[in-house]
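Quick one: this structure, given as structure tokens, is what I'll be asking you about.
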Amino acid sequence: MSWLLFLEQSLNGLQFGLMLFLLAAGLTLVFGIMDLINLAHGSLYMVGAYLAATLTRATGSFLLALPLSIAATAILGMLLEVAVLRHLYRRDHLSQVLATFALILIANETTRAIWGVQSLSLNVPQALSGSVQVLPGVAYPAYRLLIIGVGAAVAALLYVLVAHTRVGMLVRAGASNREMATAMGTNIGWLFTAVFGAGAALCALAGALLGPLLAVQPGMGENILILAFVVVVIGGIGSIRGALVGAVLVGLADTFGRAFIPLALKHVLSTSLADAAGPSLAAISIYLIMVVVLFWKPQGLFPARG
Amino acid sequence: MAALLRRHAWPLAALALAVVFPVVARSFGQDFYVGFASRILIMALFASSLNLLVGVGGMVSLGHAAFYGAGAYVVGIASVEWPAGLGAQALAVWPLAMAASGALALAIGAISLRTRGVYFIMITLAFAQMIYYVFVSLKAYGGDDGLSLAKRSALPGLDLGSDAAFYYTVLAIFAAVLVALSRLGASRFGAALRGIKDNEARMESLGFPTYRFKLAAFTIGGALAGLSGALMANQNAFVSPNMMHWEQSGVALVMVILGGLGRLWGGFAGAALYLALEELLSGVTGHWQIVLGAILLLVVFFAPRGIAGLFPGKP
Amino acid sequence: MNRHLLETDGLTKRFGGLVATDGVSLGIRRRETHALIGPNGAGKTTLIAQLSGALAPDRGSVRFDGRDVTRLTAHERAALGFARSFQVTSVFRGLSVLDNVALAVQARSGSSFRFWKPVREERPIFEAAGSVLRELGMEDMAERAAQSLSHGEHRQLELALALATRPQLLLLDEPMAGMGLEESARMVALIDRLKPEYTILLVEHDMDAVFRLADRISVMVSGRVIATGAAEEIRANDEVRSAYLGEEDAPA
């Protein structure tokens, strides 16, 4: 196994992890502040990807489609919050699971109705379809580098926002002590809507960026949603920092698992068995990590709650 | 005796209707609905097993389908590995399915029940997904594509290949399980479970080893789910990893809330309503899931007690 | 036979930077009513939680009847004879008052891993529950839903649940919290009736009640027990007066 492969997979893992972070950040805030289990979070990711694909086709420019799809998804998210989700904050977890599960059903089927069951094609923008020399003699796809760059920039931006602004302080306070936050004033409603809108925007960004790499199809949100939940649980509910650490950890584990477990298995099993078991074992390993973390640190790595 | 009949008038009437149903269906030339009715009863069993966990015990599990799928695969694998011998015998394989999924539930429950709230939901989900991926990777048993059964399990004296015979078998099993769940609900164990759902800390403080009760309920629920999986494997003559996907767990939860959380007939009412809706709506539009989603939202917001909640009475 | 039914040795519990209980060593004698007083935030409820087994201490030990129970869970201690009433009412809101108490009786009536016989047919359980209600003058409330009770009635049910398990040791955490004068007086009279049969650790703010009911009093401030003794000793103790009783006139 060459170190070149290792480097490439590390970058892939980092890239995937940063996109997972975009989803997990919104999810962890919504869970931390509003105590809402939102299974429909993945649907916002899907909507972002679909809008990006459609708008790119309509305008001919991915660069133009990106901010438009993000804005549209954010608005959709906020409408959803006002119309449906805010009535769930005080309900029990089961009701939240069921209601957001209903939203998934509606979202997936509506997507099928509008765009059909086949996956939509979204291509890497021409300008970024080449490779870049990250190190002398080492080429890496430019588009993936862009994703890493955008992901890192958003992470930095979120950090600044949450740690150094007044809004961020409200968000942190809300995440660590929800009752206090709600007691702090009747204006807290707009904060919740804004947080939800921001989360939706992040989902859309991830969906649009990952669109060219993964398939844009109905139901694409659910697989990544589970991973996002795993990240949130590992990182600690309500913690952006935890979401980042957890996401990179899960991204790397998932990528390395898929790349190297089948290789490793080939040493002990027949090729066909290794090929069959490999991806499954890679997926299973993520869940095992979560179970282990929960037993070592039941509140996650960086619990925001006191 | 007369008093006994009076007290159970409604269930007995329902049973009577269920018994004559295939005859009536045949006379109208609607044989298809016998198979449909079997599916309802099997899903009712599955939903009732989840209701024990969620409705009575307060444990929201998003991984219950793992036990349903496990039971189904026991039947599937047995029919492939020992087709001539015990692998084809219902009396051997169905109890085995229950035992296997019960054991699986015991193992998963032992670990998961050490957590609470959203962590419990996530861990049960994680375990179910792990099991799903295991079966997806088992190419020997079909993997992603699933596994077909040559024929249904055999019961001495009955040809389960006949839809009517299979229906009566399923009906008998469901009725027996419902009676057992009814007794369970009214027993000390049921009272303890409801107490735990209401106020677990107080139950601990009073002297109930709450973990053991939850684990027992989780295991029983898992075993019953496994039985329903075994029956469904027979009904469809097919098993696939999708049976243990978390969306299947979600559907089961939907049935429970539609029918009535914690109510004895909740599983049946929910399964019947869900499958009937699916049947009716898919005839009208290919996008019936939108309507289903809307109905589910309405139920969560305006009728959280489900259908059974429209009827007063003890759970 | 050990004079103390319940003893703690250096019980310490921290939450992050806050030391809730700091090396608490206490001895509760058999059949005594021992009051625990102190300002809010002194750590009294945290101490009760560690005694009942709901919270594990970071350091220290708890002995019951000479036996080390520090590692035992709440339900294991309940089986030994512990009972606790909670400062914030903790009952079964989905059940009737009678069913609430019956559940408590059921806890001490053998195994609840019984799956077939309807519990309603177990007359001994419901008769015992009924008699607990009668002891507390609550028999009229029997069929009412727990969630429909007034605050004072909730506090009564709180006590009823603790009594229904026929314990040896009662850990009562502010049984009179939020009660009016008349209700408090009735609760005091009730606990007075219980004194001869039980060993009681009573956390309370109501000083009249404390001085009337307590054989001995311990004073807790900032996680530490600063004094233990009979009522007069405590009243006269300078440290206690400045820390807690303040300028309160001693009741006649």
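Chains here go by letter, A, B and C, matching the order in which they are written, and residues are numbered from 1 within each.
Just so it is clear, a residue touches a chain if its C-beta (ideal position, glycine included) is under 8 Å from a C-beta of that chain, and two chains touch if they have at least 3 such contacts.
Here the structure is a predicted model, which is why all the values come from computation and not from measurement.
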item	value
Intersection of the contact lists for subunit B and subunit C	none
Furthest chain, CA centroid comparison against subunit C	A
Euclidean distance of C-alpha centroids - subunit B vs subunit C, Å	43
Between subunit B and subunit A, distance of the C-alpha-averaged centres to the nearest whole Å	33
Inter-centroid spacing, subunit C versus subunit A (mean Cα positions, whole Å)	49
Contact footprint of subunit A on subunit B as seen in their complex	54, 60, 62, 111, 114-115, 117-119, 121-123, 125-127, 129-130, 133-134, 136-139, 143, 246-247, 250, 253-254, 257, 261, 287-290, 292-294, 296-297, 299-301, 304
Residue ranges of subunit C in contact with subunit B within the complex	52, 54, 73-76, 78-79, 83-84, 86, 90-95, 103-104, 106-108, 111-120, 122, 161, 165
Footprint of subunit B on subunit A - complex, ascending	31, 37, 84, 87, 91, 93-95, 97-99, 101-106, 108-110, 112-113, 222, 226, 229-230, 233, 237, 272-273, 276-277, 279-281, 283-284, 287-288, 290-291, 294-295, 298
Partner subunit C, residues of subunit B touching it in the complex	183-184, 186-192, 194-195, 198-199, 201-210, 212-213, 216
